[in-house]
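Alright, structures below, take your time with them.
One chain, chain A, appears in both complexes that follow, with chain B as partner in the first and chain C in the second.
Up next, the complex of A and B:
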């Protein structure tokens, strides 16, 4: 069965925590985590609800394999309506809290209403209660984490919390768990703070024992682990260099958005790369990277643990930042670095620490700083607004910006709006590198065509993790396609979107798919869960989730006209590299994509499509 | 002729002495192919997983045919990925 069969419903209005049974029929259609929680959200909230109002709900959801011995089986997601995009939001995180929630006996926690003062949710197996959080409101995630551990005298308590940025209304605040893992995107932390819910602290000791066929499950799990270990990418590449090894790859192929995507190659890329993180610093002889780290049950361990040079200006006289903490992933390094033109690895690492400490999505934060830098360069913003010079390449500006957004001080309020609202406020919406209000990540769609369609059609606004066609277009996984052509990309994007929808609903990490296909994943789910789970059924489930999300967004007022890209990517050709002279060919891809999806030319699922998927 | 050789991740140790973190200007015979360069720097097919010439992917099957021009950049990675 793998599901615990129990949902915890937390009502913040009347401060109650109630147990209810999981809807088993929905679990067969949507599996868990992203899919199943989206189904609950769609059924329970008005799509037009104010994301920051009491009618929005916030769901913490595990998958059926969360908490099991399956490799990477520690994932959980936060599902809500996003204040950044007004779309459905689903942000996925690793670390340890997902498995802890499952081990406490819960598939999901549904939070509704709004508390009349700061509270936190404390869960100890079947016991769940809301406790006052006045003492930690107005403090960072890291402080909250420490306070809760002390308060409950339990070093094994797992904690997810929001930082000061979320309390201050920053629209891209994350929910941070285990100090430096993040349900990062779309402002899910902002929603949590809007409900006066500061943290969720969980202790689970019940185990996840209800596996359908334990013997077959262990066989499937072990076979799949061997595939990960034997694969050069998941066995060696990711543990050694992390995702950051991509910095030089993507720069070399001319798809590294630079200085707010004005350019596609960054002269400082190698200075902020995975390779640079391994190199001893001239000052103290120590490299930025201390070690790699893994989430619960993960046999890949791609995480980075880093330090900032104690002599660096950002941490001078701040010994609290001299220790090792969560280091740069590729996305963060790109947004904080290449997109802002800053090539100072220590400044980036420090800004990343602040993003973890006070819960900001580094992609949206970095991209918003980049937009502000372009506005400043054009004279639209001056030091009157920014407080200090705000030129591209300024490490000082980046560091200050992180501190300001973290606390909501000064120019931090404007930066907390995100790139779209900031650029609109100052009269230049065209300078915002967003889709549906969400900042796009580290791949320029002029140099990787499929990513243009990926961003344009992503149900949570621009995102690379909804269909990571970079795997095929750049890395040759499962097979190499040409990044510069639009041909064949609609089918590729759809296939990645549907498969990812299934993986995100399972409790597993999407990075396994550098080595695994659904043929490796299905036997693990099938041995653990009631029902028959084949790769085909999983793919159909992914497609169902995709259409369900689409339906929600349409009902929320998002239309096919929003499936577009910033003008810069559609009209300003890349100036250097292999994509020189190219723009993104979205207009060639989108109609074919709609057709493949079984949608009308306006991007609306046809009745036949909905019926076929049981929607 | 001179080309720029860029070796990333674990392959950097194959660069000639005195090279920067990940790249070096190297002298190769006129008309050398991508494969000639890989051979010269002892990069096996397994190691040379992702190879680009001036940023454009060169598949395994074309590495011997693809002739380099002076000033070209050849970049090589072992199997890597990210997200």
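Up next, the complex of A and C:
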């Protein structure tokens, strides 16, 4: 139970929307969202399928706790094969549309084929139909959102859409929902646009129920909410500073990748930090941050709502950008700021607005700009390609780059390729800070060793959210480990990967795990869902999801040789800070990790491992 | 002593825990569309505002009801809809100046805030105390306290 038991299958070839029952057996093995949708994807597509071809599928998946009162229980994920990495992609988002889908009676929407012209999917409870999107094709997410609300005369519609960047083939385009929440990584928005699917508009009024034991569920939910409220990170740090609480912390420990990871500390970190977002601006006396905001059912509320200074060059004479919207979280502030060497908070906030407005992943975008800036600095790129000077630290270049990728103009086409393909195109693949084609995020693996293994082994290409060992190595959650040593990290990474696999399959937000362990999560799932759900079972479920994703990637042609890091992280030691003189010790960690996983020395799951996990 | 809901939009994060609690209490489902407290988002201003019935003394809904389906709960002061009597004519929804009483397609009756019989679940659920349940005569107390705190002690010396 807790699942609605219904899947909506949308075929874009013949424009049909059909209801089918959820596979209950799979739900017991994979729970929901990330795990369950990956199972469907693995069963239904050829791993070698062209990610941007009609044979790829796109799944919007909720978890069993999505739409319930469990804190943060509003998440959904977009699962598909990534055009950026050729790996399985799974991008998780909050906001409000996940619960709306559940309230409309659907656990999942599976989109297949390709429409012969622009369409959007309209869902009103059991009614689902594909409608023409010619009037909104070629427009931004924000315009699309406004148009759909007007078109249906329904302010309560929840909308997810792709922007112009995705239509233009940018390989790291996101699906944006509720204006400023993103299923951000791996180009899931690019896949959506490749199918000529512009948007999904949902209205659900049926209610979410089917809770196994409502009384026990509410007891578990309330107890868990108290744990979040009483925890210093989820109760104070995140609401006050958002994830931006990390900017100064990570800079101080010498793990803030700077200027395309040439350095590990940024002299402008404080200017773009969470603290800076609270400081009144000299020009108008108002701070960047207007308020914090919660996603559906979230009692943490780490979201940032910000404004750009009206006098800033990026928004001068552009009143449409003077209002408040989704502000900088740490990854975005790092990618747009530290990694490009830009310390102009307004420029970063504006670039972030553009990423939301036209659906780009700010991590991949910022890291690609950073790579372009390094290529420019070396004279490989000139203004002939870039159009304008493209030096590290140039806020003008950052702002223009965002606008160009958003619309596919000029140098924006090159930047839309992502760092790997851009650097290859201009003959310097070693300057791309990517793993499996995906740009790594805001933690330098020379200063936080576990993150090296995290990036190298992540099933969706470099990613911090697959095993956030920063929690342990920096924040001491659940216990402190030394960020500078490789010792013990393989086991740490595996434990985090497996636990996260379960959380990502439940409908809950992984940020809860700053305070919650599976001991807090299991009772909520157990009271809601059919079957018996213990922390041990959830951990095993996470491991099953991990191995399933791995198998898909292996079948897609990704091998253990791809479990590596950019040469810079392995060969160029950190020059400053606590990690001075260190490179990432991946070679010490990887063999032990494979062994702990029950994989061969080549990184292939052994038959015993697969059998143990029921794969 | 009767109590009243006191809402401070400045504390609201827009998480909708109040809507979830309200709908769960009254329908047994988590269903924001059935909640009688609603949170409005003014995105470009970065503001979230919870809004529901103030249990106003004039009670236009009660006065306009042709079948006397709305009555005052003597303990809580809430204006409550008697579902057995309500005929779903919607006259009260026209009479209410604030829009806080509405027709429900699911039940064929009107629904409004009933203060959960004196234990409002939205208050229990709110993680930031944006909604509190206080002495009905003192809903301005917290705002007065905030202004009092700003009073310049030196000016009165």
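Keep in mind that, in the parts below, the second predicted complex is superposed on the first by the 615 of 615 C-alpha atoms of A that agree within 3 Å, B and C clash if a C-alpha of one lies under 4 Å from a C-alpha of the other, contacts with A are read in each partner's own complex, and residues count from 1 in each chain.
Going forward, contacts are C-beta pairs under 8 Å (C-beta built on N, C-alpha and C of every residue); 3 or more make two chains touch, one makes a residue touch a chain.
This is a predicted model, so every value here is computed, not measured.
J.: Is A:225 touching anything from chain B or chain C once the two structures are fitted on A? First, second, both or neither.
T.: second
J.: Considering only the touch criterion stated at the top, classify A:465 as touching first (chain B), second (chain C), both, or neither.
T.: first
J.: Contact-wise, after the overlay, does A:297 reach chain B, chain C, both or neither (first, second, both, neither)?
T.: Only chain C is touched by A:297; chain B is not.
J.: Contact-wise, after the overlay, does A:323 reach chain B, chain C, both or neither (first, second, both, neither)?
T.: It touches chain C, and chain B stays clear.
J.: When the two structures are overlaid on chain A, which partner does A:67 contact: first (chain B), second (chain C), both, or neither?
T.: second
J.: Of all residues in chain B, which touch chain A in the complex?
T.: So the residues of chain B touching chain A come out as 6, 8-10, 12, 21-22, 46, 49-50, 52, 54-57, 59, 73, 75, 77-83.
J.: What part of chain C is in contact with chain A in the complex they form?
T.: Spelled out, the residues of chain C in touch with chain A are 13-17, 20-21, 23-24, 27-34, 43-48, 125, 127-128.
J.: Would you tell me which residues of chain A are touching chain C in their complex?
T.: Residue positions touching the partner: 67-69, 71, 96, 99, 103, 156, 179, 204-209, 214, 218, 225, 229, 239, 290-299, 301, 303, 305-307, 323-325.
J.: For the complex, give me every residue of chain A touching chain B.
T.: 231-234, 236-238, 240-246, 248-249, 252-254, 270, 274-276, 279, 329-331, 464-465, 468, 470-471, 474-477, 480, 482-483, 510-511, 514, 577-578
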